[in-house]
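Here chain A shows up in two complexes: once beside chain B, once beside chain C.
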Partner chain A sequence: MRRFLFLGSVFLTIFLLATLSYAQPKPVYGGSLTIAQGVEPPGLDPTTATSAAIPRVVYGNVLEGLVRIGRDGKIVPALAGEYRISKDGKEYTFILKKGVKFHDGKPFDAEDVKFTFERLMDPQITIPNRRYYQDIESVEVADSHTVKFKLKNINSMFLFNLARPDSIIINKQTADRLKTAPVGTGPFKLVEWIRGDRVILAKFEEYHRKGLPYLDKVTFKFIGDPSAQIAGLKAGDVDVIGYDVSPENALLLEKDPKFKVLNGYTTTEVILSTNQTRKPFDDVRVRRAMAHAIDRSALIKGAMSGYGTPIGSHMDPGNPYYIDLTSAYPYHPEKARQLLTEAGYPNGFEAVIKLPERFIYARRTGEIAADMLSQVGIRLKIELTEWGQWIDRVFKNADFDLTVIGHSEPFDIDIYANPKYYFRYDNPKFQETLKKAEMEPDPKLRRDLYVALQKMITEDAVNGFLYVLPSIPTMKKEVMNWWKDYPMTAQDVTEVWIQK
Partner chain B sequence: MTFRRSFRNINFTIGFFITLAILLTALLSTVFTPYDPNRMNLSERFQAPNQTHWLGTDQYGRDILSRVMKGSINSIVVGLVAVSIGMGFGILFGSVAAFNRRWMDEVIMRVADVLYGFPAVLSAILITSILGPGAINSMIAIGIFNIPIFARLTRATSLSIWERDYVTSARAIGRSDAGVIRKYILPNILSSLIVQGTVQFAIAILAEAGLSYLGLGTQPPHASWGRMLNEAQTFMGTSPYLAIFPGCAIALAVLGFNLLGDGLRDMLDPKLSRWIGR
Partner chain C sequence: MTTYLLKRTLILFLTLLLVSIVIFAVLMVIPGDPAQIILGIQATPETLQGLRQKMGMDQPVIIRYLHYMKQLALGDLGRSITYDVPIHSLILSRLQVTIPLAILSLIFAVVISIPMGIYSSLHRNKPGDYGIMVFSQVGLAVPAFWAGILLILLFAVTLHWLPAGGFNSWGENPFKALKSLLLPALSLGLVRAAVLTRMTRSSMLEVLGEDYIRTARSKGLSKRIIVTKHAFRNAIIPIVTIVGLQAGDLLAGAIIIENVFHLPGVGRLVFEAIGQRDLPVIQGIVLLIAVMIVLINFVIDVAYRYLDPRIRYE
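What follows is the complex of A and B.
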């Protein structure tokens, strides 16, 4: 028996060692990585524009915040080594890391933090997501490496907001260059941005996380056409396609031993956005009828070859407050027709759905949704809309009946509290509850409030809640340590290395 | 020149039969397609060509044969309307320019030159982005860029005819200007207009496919060859037949109309007639 135990433990040890060494091959330094990205950022400043293409290049690579979101979706320290929250929840103290340098050689200290947040609160500068900072009362420099944030009231989202790309730390001397040649504290510094083609980054030798990064050079190449991206990957010009791999191509590349396809989640909720102010969509019965008319699993199969996770409200399953509401409106065309009849549309009605031409997922989802809705009598005329026009007409001026789009910001249920947001949902009860949730210090009660919020918009069937976009980053087999899930809008390559 | 004799021209013969086949398919598709071309059937996606779906099914399980058939009527209608717009206004402006040799000629021809200077598809994109996407707007757009082509042709061919004695005598006995144009000018330039019309028809089909490919032409779910090509693009690796059939349809249609135009020119243009006099 003893011998058996001994042998057993030997085997176990060998087995464990073997799996450990297999699971964690030793990272290799050096090499250059080329990442294909579908959309070129309009500028490189993530604070003054909301395009997701910006953080996908710079966030975590060139620019960093006080805290960041780790691979598991949790908040981890970044430029702040540690932080303390006062008992009343209104004071945040950040102890900054020492020995951190900006790419221009300037040492990072508390003044930079003060400058960054005062800029974000400066009414003279257009900051699209100013709501993240509206509860800050003051930013005080306690000593060269300690910063105190005083809040007007408790804001449970405050720390999370500091982990967003909007909250990256900059210094005063280089702030005006942020849009074209950002200078940050990240593991890579900007070498060149060749407009219309690529952004080139090089390793920052004095990066503050010891031993990182592994790569010498990172290139973001902007290739709009998905087929050209795939061709680039196959030809070896591209090492990674981080976003926008179409599911059918992922399936194809998965079979090829030269490539690997990771299958994770993103925070992009794809919804059938509904203009609440337009008839007949102002009637909740019509919106509920639409929810009953859409078969999510068939839609995900048809539009995304089965990739993608169904949702029943505006929250991604990676969020700690997520609850599954997908069974609130089961697929039931008969019930949909009945609801339409109750609402006074026994023969259905006609409407227009504007689909952003650029996004394949949105086009396909919209086409299938239109087909499903036509079966209960809602006849949709599809209009493919060029992206600039979509932004202008649909997003800015709410000139639409229906559209399909993915909302990529994490934790963005608060958009439903803004009655001016493009789908024009105005529910005072929701707005009040959200305020309460954001000010609730007790995690359990806060969770209850966020659950109530999710239920509220599902109850009102505000938009057609469809699915969360999959992240299917596709790369050469040699690329190691790429993020499988995207809990934050970014393509952080700090820990990525290339196997020789 | 009899109808039978014209089939001695090989270009005309091939073009004629291809065009005829496409026209018949287009007509047929208005009353019959094997399946509803727009109805999705998500349980039958990506079927390779087989006995029930002769050309296979697309990413939404729609029958490709039905969609290619429906796409032909779309192309023919776009071509017809666009060429009619171009010919109608082109002949009008061209005739006016040839008749009034003074300032009107200058104005019309300079405007035509400017329009002519734009690449055809570019101006169509410009026009559809102003009018908004859609099949009707793309017809208008393609029609508009056809106008200067017919205007220039009409003016150039009718100028010399205005100098002819029979036109002068017709005017002398008091025929109205419009009457002269209708009775003497147009019949004389008709053959070149028809030849140009056939060639423009092919270009219009190609332009419509291009616009739909870019999302500016026919809107989904309606079948259009260009749109089908666009949608097939990301499936090239897995289901190439999605692109092959609409692609062949476009190539065939363009080839057919071009050959027909070539053949007609050989037959109708006396300067080029190598065989007519034999």
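What follows is the complex of A and C.
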């Protein structure tokens, strides 16, 4: 009987596998893929510079971390086959995968992990996101394939931080080449970076995930002009435009049978940032009035041709802690006017909105938001600002009333705990709760705390929470298995293949 | 001629010195901290300070300028902040795109405009003349980048004859490289041709009304000889002046057109460098542009003399 059961389950498995592979077309090996990208990375090192263009080329393709973020936004193993967290939440043990090789032939082991994190903590090296690693007390090599991280205190974000592009594993011999010719363990190795033009990657034959990757060659072509990207796709020079496709172009290409458009989300929260220290925005009634005055769905339709998911707080729907707060401030111009009257502005007021002219979404969103706000008497003067100036005036010196910008970093609600952050939100209760959340080992309690944090900034209407930027990757219909959503800043092509 | 050359060289150096001071001052004044742009908006003040120190940005402006000039005197333009490679090699590799592009677009402009200008001056107020004038009017009104997009739509997207953009190195496949420069050169050339056509026409009309043309006609010379030898030769000086101005202007045009066709040229390099506040690269390219403009003016001056031996240099 037992044997029968065993055989039965074997057959069942085979049957299931067969139907699965029947339902999904079978991946094809080989081929070359050209991806258009708007911004060329300023160097290929994701640890010493924060431009999102860097991980969008190298992360997951050339360089890998101990863990990574899967397509559904959850943390999955990468170079660490498994990991254990101690009961007190202060010790993480990673069992590394065996038989992993770097592109230069060096076998990957625990010493590389130790080197990587000691470099990230080295004050001599300019690491912009060092706060991800500030809670690490020590990195110990237990044996050649076991690493122990001891933390100073519980940090519930620790594992997530290890899945960020900043935490990619490198080896000592090639660390100084990271910016110009990175050597990693990823499915593709760097062949050439023709500066100003493209980055060429080739299949790494000794990649540790068996049977991957499918493609032989991947080229990232840097095409700044959006209409030139579309022309390249239509002319056949380009196979995929991974992100930043303008929504109206996506709408057109969706109707063309030669192409397909995936409508997913990113981690970029587009917000109407509000300077909390400036009058009249220091009054919560004014901020709530603004929240009631903006019709999010009309805004998304107008600025983004309907692509994009509305949000009610500073968190993207792909985040496991996300809750839907979009109904907190329904579109209600009457109520907005009433709140403004209560705050002492029955006739509204005048202010300036500074829009970073580099980002089309921000410009359009700002223009439409300005129009909606004018309906309730808030008259905004629009100032288009060059990016370098925006960083200097708005971001560094908080010299602004309002602005529109997308915050692309995943899981970045902690920026609201920093009173010096450019929108200058200073709420001790929020700061305490965040600290608690970050030190809470119990996943359920932690979730509750993150929910409370989202509600807090919604209640205070700190910024106008508008929408999450859509991913809208657009490609030839032969390109298969591209990521629909971008829960992490990356364009991972490991599992992408081309239908013949 | 020798004194003239010496004078020119002196002017070149003075221009460069002035340009270097101006560009240094401008880059000081424009807001935007390179360290902040590299490290992003989340970086801590300590990290920012560390990077500034590494880049030598923490020293006083005068010291930095003197240091830069010392390096420059040794022939070293420095290293690019974003690419981390020597700037001279970066610029040299980009010139392999921009210089052929500039030359090709000038050739297009001249080849299109001069025959058209001559033709319309000889057929003044006739349908052909009107047609050409309408063309040049449109050409003047249309910006090069828009012409570029239209050309892409026609030749790349619809006909699939030429690539929509991008560039393969000359070493890889010279024919392919040339092919990818055709459309951008044409879009730059068309706009310039419009100006040159009008210039040629009016210059020719002026000369054709001169007494010596009437004399040549009454001598019974063939129309071809009159047009090429007597009229065009004398009409060419203002045309050459405009061509020279346009050549100097080509780099500015290249910034936009190289972005439309995503060509890795000098124009695109300076555009991205400004966005990234890669100061050493911006300085290097502006100096290069200054050198080129001074050199182009020199070539034009020499050309005047060749074309009109009456012109002398003091």
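Note that in this section the second predicted complex is superposed on the first by the 477 of 500 C-alpha atoms of A that agree within 3 Å, B and C clash if a C-alpha of one lies under 4 Å from a C-alpha of the other, contacts with A are read in each partner's own complex, and residues count from 1 in each chain.
Here is the rule we use: contacts are C-beta pairs under 8 Å (C-beta built on N, C-alpha and C of every residue); 3 or more make two chains touch, one makes a residue touch a chain.
All figures in this text were calculated on a predicted structure; none of them were measured in a lab.
K.L.:
Using the superposition on chain A described above, determine whether A:Asn249 touches chain B (first), chain C (second), both, or neither.
P.N.:
first
K.L.:
Answer with first, second, both or neither: which of chain B and chain C does A:Pro226 touch in the superposed model?
P.N.:
So A:Pro226 only meets chain B here.
K.L.:
Check the residue A:Asp392 against both partner chains and state whether it touches chain B (first), chain C (second), both, or neither.
P.N.:
second
K.L.:
Have a look at where A:Glu383 lands relative to chain B and chain C in the superposition and call it first, second, both or neither.
P.N.:
A:Glu383 contacts chain B only, not chain C.
K.L.:
With the two structures laid over each other on chain A, which partner does A:Ile127 touch: chain B (first), chain C (second), both, or neither?
P.N.:
A:Ile127: touches chain C, not chain B.
K.L.:
Return first, second, both or neither, reflecting whether A:Thr50 touches chain B, chain C, both chains, or no partner chain.
P.N.:
second
K.L.:
Taking the superposition as given, does A:Gly302 touch the first partner, chain B, the second, chain C, both, or neither?
P.N.:
The answer is first: A:Gly302 touches chain B but not chain C.
K.L.:
In the superposed arrangement, does chain B or chain C reach more residues of chain A?
P.N.:
Of chain B and chain C, C contacts more residues of chain A.
K.L.:
Shared contact residues on chain A for chain B and chain C?
P.N.:
Dual-contact residues (chain A): 227, 386.
K.L.:
Of all residues in chain B, which touch chain A in the complex?
P.N.:
38-40, 42, 45, 59-61, 129, 132-134, 215-216, 219-221, 233-238
K.L.:
Considering only the defined contacts, which chain A positions touch chain B in the complex?
P.N.:
Spelled out, the residues of chain A in touch with chain B are 226-227, 230, 246, 248-249, 251-252, 298, 301-302, 357, 360, 363-364, 367-368, 370-371, 381-386.
K.L.:
Please name which positions on chain C make contact with chain A in the complex.
P.N.:
Going by the criterion above, the answer is residues 30-33, 36-44, 47, 50-51, 54, 81-85, 90, 93-94, 149, 152-153, 156-157, 160, 163-167, 169, 259-265, 268-269, 271-272, 275-278.
K.L.:
Sort out for me which residues of chain A touch chain C in the complex.
P.N.:
Result: residues 40, 42-43, 48-51, 123, 126-131, 179-180, 194-198, 221-225, 227-228, 231-232, 234-237, 358, 386-389, 391-393, 395-396, 409, 415, 422 of chain A touch chain C.
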